[in-house]
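All chains are identified by letter, namely A, B, C, D, E and F, in their written order; residue positions are counted from 1 within each chain.
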C-alpha cells in the first residue's frame, strides 16, 4: 500500500438529512461516501432509530484535505446550529489514491 | 477546521452490554457517544446478530485524551475478562472542539 | 492504555463478498474482524441495501502493519477490479496489544 | 372499550416502566404500510360501489379546514404559549395536518358499533394531510425566499403515506368489491390485529416523549388536551354542513382534532430546522394522540350525533 | 406428527447444511411478540370466561417448582458435569426457568387432540420464569454482595416476555371473548403458521449451536436429553396434586421440563458474567428444545394421562 | 386485471416519482419466505393427494429446458447485443433460470379463473432454477479451471429459495391435506395479500433499474420484451408434450419465459465477477418481469389453450 494520505471525514447526524447530505457531497465533488445507521447521545439528547427517522446516520467520506475542509465548512454553516451533528476527521492511507481526488 | 485534536475511542463488544456502557460513559463524563450494530469474530468466537442479543455493538466516543484513558481503563477492569470486547483509539481533528471536553 | 500501535484496516465493499472475505481474513491470519452494514456511492454507482445483497458491508480489521499490507494486497488482486470496493488504513492504539498479532 | 386501545396502554406502561420491549423499525414500517393500504383499499372499494356527486365541492370545504386550523393554532401558541415563531408555526402545521393512526382507531370505533361512513373519507384524509404543512412553513418563513418549495411539495405529495393511501384508493376503485376479495384476508381481516400491534408501538413511542413533557410541561399538556375538541367541533360542523353521514361527520371531526406525527415532523424538520422538533412531537404524540383515542373519539361521535339530531 | 415440528427440522437441516437461509432479527422479534401476545390473550379470555378459585395456593405450588429445580440441577452439573460454580449455576437457572416456544408447541399439541387446559396456565408460565433465575444467581454469587438486585429484578420483571404475556392476559381478561373477536384473525387464526415460521428460525439457531456441542459434547448432550423427563415428572405430579386437568398437567410438565433461552441467558450474562454463555444455551436450545418438541411433549402427555388414570 | 398487479404498478410509479416509500429488507425477506413456503406447501399437499407416475421422465424433459435456454440466449446476446462473453453468459444464466415471483403471479392468475394445475409444478420450478446457472458459468469460463464448483453448487442448491421450496414441498407432502389445515390461514389465505405487498416492492426495485435502462437502453429493452414469448413457447410445447394440463402447460411456459433475479445474480456475481451485474438485472427485473405479469402470462395461457385445442 503506497503511503498516500487522504482525509477520512466522519459526520454523525440526523437520519432525516441523508438525501440533502448525499446531494451536497456530490455537488462539492466527493468521489463517493459510505453511510451506516447509528444511534447515540449528544448535546441534543438521545437519538435512537426506534422510530422512523428519529435515528442517526454516520457518513464517511475519503477525500483530499482541501475537500474535507470545504465539506466540513459547508456542514458547519448549513446544519450545525439547527441539527444534531458532530464532525471529525483523521488521516488515512488509501489503496488506489487516484480514486480519491 | 481548526487543528484541535481529540481522541476517538472505539469499543466493539456484546450487544447485551449497551445499557451498562451508556450509563458508564455518562457517569465518567463523556459529552456523547455513537453506537451502531455490528457482527464479527474474535478470540471469543463468531458473534452475529442473527438472533436477539447475540450480536455486537460498535461504540464511538470523541473525548479528551485524559477521559479516553479513564474510559478504557474502566472497560478493561469491568468487562475485558468476561465479555467479548476490543478497544482502540486514534487522534481525530474535531469541529467545535468545545463540544468535546 | 500503553502506546502500542496497530493498523486499523477498513474495507467497504459489496455485501455478497462477506463469506469470502471472512474466510480470507482467517486464512491470512487475522485474529478477528468486525463487520457492519452500510450503503454508499462510488465509482460503481449507488449501492443500497434496499434489496437483498445489493448493499455494502464495512469490514474492520485491527492487525500488525505487516498483515494489513498483505490483506490489502490480497484484496487488491482478487477483488478490486471486479467489485465495488475501497480500502484504507490508519494507526490506532490498542488495549491488550497481544490480542492483535 | 375497544381492546386495541388497551394495546396502546400496554405500550405506554411498558415504556414508562423502562421495559426492554421494542418494536423493530422494520415492523413499524410494515404495520404502517398495511394500515395505510387497508384504509385506502376499503375507501376505493366503497367509491367503486357507490359513485357520489358533489365531491369537488365537499373537497374544497375539507381543504379549507386544513388551511384554517393552522391559522387558529399559531396565535394561540405564540400568545398563550409564548413560543417563538418557528415553534408556533411547527405546532400549527402538526395540528392542522392529520394522524392516520387516530383515523384508524376511529374507523375501528365505528365498525364496532356498525356505523357506516361515507366512502370518500380516506380521500379527505389525503386532502387534509398537506395544506396545514404549507401554511405552517409560510408562517415560519414569511418573506424569506429560502424555502425550496418544489422539492418540499414533491416530498410531501410523494411521501409514503399519501402514496399508499392514494394507491390503495386507486387499486380498490379499479378492482371493485369482487377484485379485492382475495386481498381481504390480509388487509381487512387482520386490520384490527395490525392496528393493535401498531398501537402497542405507539404507546412505547408516546412513553419516550414523557421526559420532554416533564421538562416543558404544563403548557404542552394543556395545549394537547384542550385544543383537539374545538378543532374537532369545526370538523364536525363542516362535515354536517357538506352532508356527510353521522359516521362520516365523526371521522371528519377525528381528522380535524388529530395531529400529524409522520408527514408534518419530517417536512418541518427540513423546512423550519430552527423549530424544536420534540415540542410538536410531544404535544401531538405524547398528549393529543392518547387523549383522542381514549376520550376524543367518543366525544366527537357524540358531537356528530347531536348535529345530526340523533342523540348520543 | 404436527407439521409445525417439521419446520424446526427444516431449519435444522438448512442450518447444518450451511444454507444461506436467515430469518431477519426484526422478523424473529415480530414472531416472538405475536406468540407471547396470543398465549396471553387466549389465557386472559379463558380467565374471563371461567373464574377460578384457589389460585393463590396453586400459584405457590407452581412457584415452588421454580425454586426447587435449580437446586436439583446445580449439584448434578457440579458433581457429574464437573463444571465450575458459575457454569453450574447458569445451567440451574436455565433449566429452572421456562421456554415459551416449547409451551406454544405443547398448546398446539393439545389443540390438535382437542384437549382443553386450565385457563391459568399462561399465568403459571409467568410465575415460573423468574424464581430459578434468582436462585441461579444466588448459587453463583453466595456471600458476594456485588449483585445489583434492584436493577436485575426490574430487568427480569419488565423483560419483554413477561410484559407481553401479562399484558396479553390483562387485555384478554378485560376484553373477554366478545372483545377479542376482532383480534382473532391475527392472533388466533395465524397462531400455528406463526409458530411454524418461528420454529424454522429456532431450527436455524439450534444448528448454529452444533459446533459448541461437538466440542463440549457428550455431557451436554446427555444432560440435555436426560434432565427434562424427571423435571417434567415433577411438574406433572405437582399439576396433578393441585387439581389441574390432563391438559393443564401436561402443560405444567412441559414448563418444568423446558429450559429458558431468552430471559435466563440475558439475566445470567449480566449477573454471572464469568459463566460461559454458550454452554447453557447449547444444552437448552441445541439439545433440550428439540428433544422436548419431538419426544418430550408426547411423553409428558402420557405421564399426565397416567396420573389422571386415563391411560395414554 | 388481477389487483395484485396494480400493486406492482403502484410501486413502479412511486419509485419513478422518487417517493420515499421503501420496503425494509427484513420485510422483503419475510414476504419471499412466505411465498416460497406457500408454493412449496401447496405443491406438497397436491402431491400427497394425487400420486403421479412418469415423474422421472417429465423431470428430464423439464431439466432439458434449463440446459437449452441459455444456449439459445448466449449467441443472441453476443451476436445481436454485441455484449462480451461474460455479460452474454450472465444474461443466458438469468433467462435460463426462473423467477418465483412470476410463477406466483401465474398461480394467482390460474386461481382467479379456477384453472387447476399439475401438482408437480413447484417441483419443476426447483428443477429449472439450477441448470441454466451452471451452463452460464461454463459459457463464461470455458477452459478456465478457476471456478470452485463444489462451493458454488453447494451455494446454489442450499440457497434459500431451493431450501424453502423443497422444504415446503416435503412438509406439505408429509402432512397431507389434513395436516396443513392449521397452516392454511397464514400460508394460503394470506397468499394474495402477501403477493400484493411483494409486488409493491418489486415495482420499487424495478423503478430503480430505470436509470440503467435509460443508459444502456434500447437493446436491453427489446431483449427483455422479445425474448420471453419464444422461450415460453418452448416451455408450453414441452409441457404439452409431457402431458401437463392446460394450467400446468401455462405455468411451465411462465417458468421458461421468466428470468431469475435472486439465485442467478448471486451465483453469477461470485463466479463471473467481470460481468456487469446491472445489465442482467435490468433486463430481468426492469423489463421482463413487468412484461410477463402484465402481458406475458395471458399470452402464455392463450398458447397453452391453443396447444390443448381448447381455444383461448
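Basically, a contact is a pair of C-beta atoms (placed from the backbone, for glycine too) under 8 Å apart; a residue touches a chain by one contact, two chains touch by 3 or more.
A quick note: this is a predicted structure, and the numbers were derived from the prediction, not measured.
By CA centroid distance, what chain is farthest from chain E?
In terms of C-alpha centroids, the chain at the greatest distance from chain E is A.
With chain centres defined as mean CA positions, report which chain is farthest from chain F.
Computed centres place B farthest from chain F.
Approximately how many whole Å separate the CA-defined centres of chain B and chain F?
The answer is 46 Å.
Express in whole angstrom the distance between the two chain centres, defined as the mean CA positions of chain B and chain E.
About 35 Å, centre to centre.
From the C-alpha centre of chain A to that of chain B, how far is it in Å?
So the centroids are 19 Å from each other.
Got the chain E residues that touch at least 2 other chains?
Residues 22-27, 29, 185.
For chain A, what residues touch not just one other chain but two or more?
As it turns out, chain A has residues touching two or more other chains at 36-37, 90.
Report the complete set of touching chain pairs.
Going through each pair of chains, those in contact are A-B, A-C, A-D, B-C, B-E, C-F, D-E, D-F, E-F.
For the complex, which residues does chain E have touching chain D?
Touch residues, chain E against chain D: 24-27, 29-30, 33-34, 154-155, 158-160, 163-164, 167, 170-171, 174-175, 179-180, 182-183, 185-187.
Which residues of chain B touch chain C once you look at their complex with the stated criterion?
For chain B paired with chain C, touching residues are 10, 12, 36-43, 56, 58, 68-69, 72-73, 75-76, 80, 86-90.
Can you name the residues of chain F that touch chain C in the complex?
Touch residues, chain F against chain C: 22-23, 25, 28-29, 201, 204-205, 208, 262, 266, 269-270, 273-274, 278.
Given the complex with chain E, which residues does chain D contribute to the contact?
Those residues of chain D that touch chain E are 2-4, 6-7, 10, 13-14, 17-27, 108, 111-112, 185, 189-190, 192-194, 196-197.
Which residues, counting only chain B, touch chain A once they are in their complex?
1, 6, 8, 22, 26, 31-37, 62, 90-96, 99
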